[in-house]
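Chain lettering (A, B and C) follows the sequence in which the chains are written, and residue indices restart at 1 in each chain.
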């Protein structure tokens, strides 16, 4: 993929990611998050991870954002809009973020691996959905069943938590 | 890689461009009438709008979304399963039983939710 | 072979056009080639949209014992042009309290996703606009962003009816998205690939020369097709599942505050989404562009595809003329209590069918699986006792 596409998608992610934090309105934040997810999905696809990229859109941009939006609609939005910005706290947050950023840049600058160019990705002959399937149902059958139990526990949790709301 | 997705990218650009340009043309070509406070108010069948624009919604909607995510997650695992099923089942039937037990585990949750009345939608 | 020339005429035409660019860099040829595909796609489906919008009104008119549009042009066929011009010069009203940006972006997003979803469907032999490996997954990923567009329309309008309509639309769309996606799984399983082209190829061939190997001819395929079709009705908000736009309850749902061409864009997106879902149903279950009988194979593949698509679209219109609107709680109950278990059963039946060697024994066993679950569900979900017996009253 030409580098300029990488920069476009990475910038898209970062700009809209920042907009998520800056926006005062929770729904506008959530909608910005979707664009950020789409940029991330494009980056995944550029790394030949088609399945992960599509799942990113299908699950995060499709399903989880719907849940976020529904939860926001349960809440009272006016309280959030009226909240005053604490400038001191914001300045502190920005300072911490900047310190972290310089630290990361410093570490990357001193890391040997970061100075070499990455080896090109090995092109797989079969598509990645098939790959995931073969590995998941070949070697990782037990973890797969445990994921099933995890989802079961989640289902029960939802039902229990919302039980008194349903009455 | 780019060869495969270039058409997709172009289609995204063309689709958005098409929809946006059509809307812009309509904004430019459309009649501009006089505006008034009543005309700009939300449409509530001719009544004066009451209360806040966005009411709060029932927890039912949230439950639907939550169950949707759980089943969607399941589908994510079922797609790789469906793709490899034909070749894997030729060697051993374990892939069939593996998915059957996965679905059975999930169906326990489904039946539980059903029994607790989460899936009863009443007016 | 002369039949081959007619079948591949559009591909030849494209190659002829591209031959003008011979000698240009590779990327220019690639971009031109995909742009040609995209504009051909847009042209065909916008024409189909115009045609269907007038045909729907004419067919509905006939069903209700009236003529339908017949004033503009021969048989009223120029009606869509008149409608388009009317929509274009209407005033665009944006309510004062609306979120202007979101209000403007929603129709663009909903139209763009509908157009994008059209791209993965094979319209004929070698006629897939973008042949990506995971075409089916791509279709659903794109389709799932429609819900966001609906939410944006509802929220951006800042109107109670819009928001309520949007919430209802999203709730029913996510509920039916599950059966919609799950019923494609048996097809993926049997074809062993996510690419629509491979799925169409897997449905080639005929038993005894007249029974096509379409997936709809197997019990699991028939059941999955019906479930898919019903879910498709809900996804495209068509009658009898058009609660979000039930004008007697919540005006026009999430489209209440839209006027002029923005409303027309929603309308167009709804129809193009309907074409996309029907196209996918044709691809998955009705053999794509394959002819139904061996002797009719001389007819070009794209004609078969569009014939099947038109047949499905006619059923959509027919249902609209026949069925009353369903209540939202009935729709949701039906999705979670009937469609979801039945969709899972289809996967199981297809697995059994494949396991038994795809012969008559497998056919009967998968029929038995589906039959048992169907009967069990209808006993468990017995709705008869909840309704009073229907009494008919007539005007004297």
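The rule is simple: a residue touches a chain if its C-beta (ideal position, glycine included) is under 8 Å from a C-beta of that chain, and two chains touch if they have at least 3 such contacts.
Computed from a predicted structure; not experimentally measured.
Taking the mean of each chain's C-alpha atoms, the chain whose centre lies closest to the overall C-alpha mean is B. Between the interfaces A-B and B-C, more contacting C-beta pairs are found at B-C. Taking each chain's centre as the average of its CA atoms, subunit A and subunit C sit 30 Å apart. Subunit C has its Cα centroid 15 Å from the Cα centroid of subunit B. In subunit C, the residues touching two or more other chains are 132-133, 137-138, 155, 163, 167, 170, 174, 194.
Of all residues in subunit B, those touching 2 or more other chains are 5, 54, 57, 60-61, 64-65, 67-68, 72, 79, 83-84, 110, listed in ascending order. Residue numbers of subunit A whose C-beta contacts span two or more other chains: 51, 58, 62-63, 66, 70, 73, 129. Residue ranges of subunit B in contact with subunit A, taken from their complex: 1-2, 5, 52, 54, 56-57, 59-70, 72-74, 76-77, 79-81, 83-84, 88, 94-95, 98-99, 101-102, 105-106, 108-110, 112-113, 116-118. Subunit C contributes residues 30-31, 34-35, 37-39, 42, 87-93, 95-97, 104, 107-108, 111-113, 115-116, 119, 129-133, 137-138, 155, 157-161, 163-164, 167, 170-171, 174-175, 177-178, 181-182, 185-186, 188-190, 192-194, 251, 256-257, 260-262, 264-265, 327-329, 332-333, 336-337, 340, 344, 347-348, 351, 354-355 to its touches with subunit B in the complex. Taken in their complex, subunit B has these residues touching subunit C: 3-8, 10-12, 14-16, 18-20, 22-23, 25-27, 29-33, 37, 39-45, 49, 51, 53-55, 57, 60-61, 64-65, 67-68, 71-72, 75, 78-79, 82-87, 89, 93, 96, 100, 103, 107, 110, 114, 119-123. Remark: subunit A residues 27-28, 31, 34, 50-51, 54, 57-58, 61-63, 65-66, 69-70, 73, 127, 129 touch subunit C in the complex. Those residues of subunit C whose C-beta lies close enough to touch subunit A in the complex are 99, 102, 132-134, 137-138, 140-142, 144-145, 147-148, 151-152, 155, 163, 167, 170, 174, 194.
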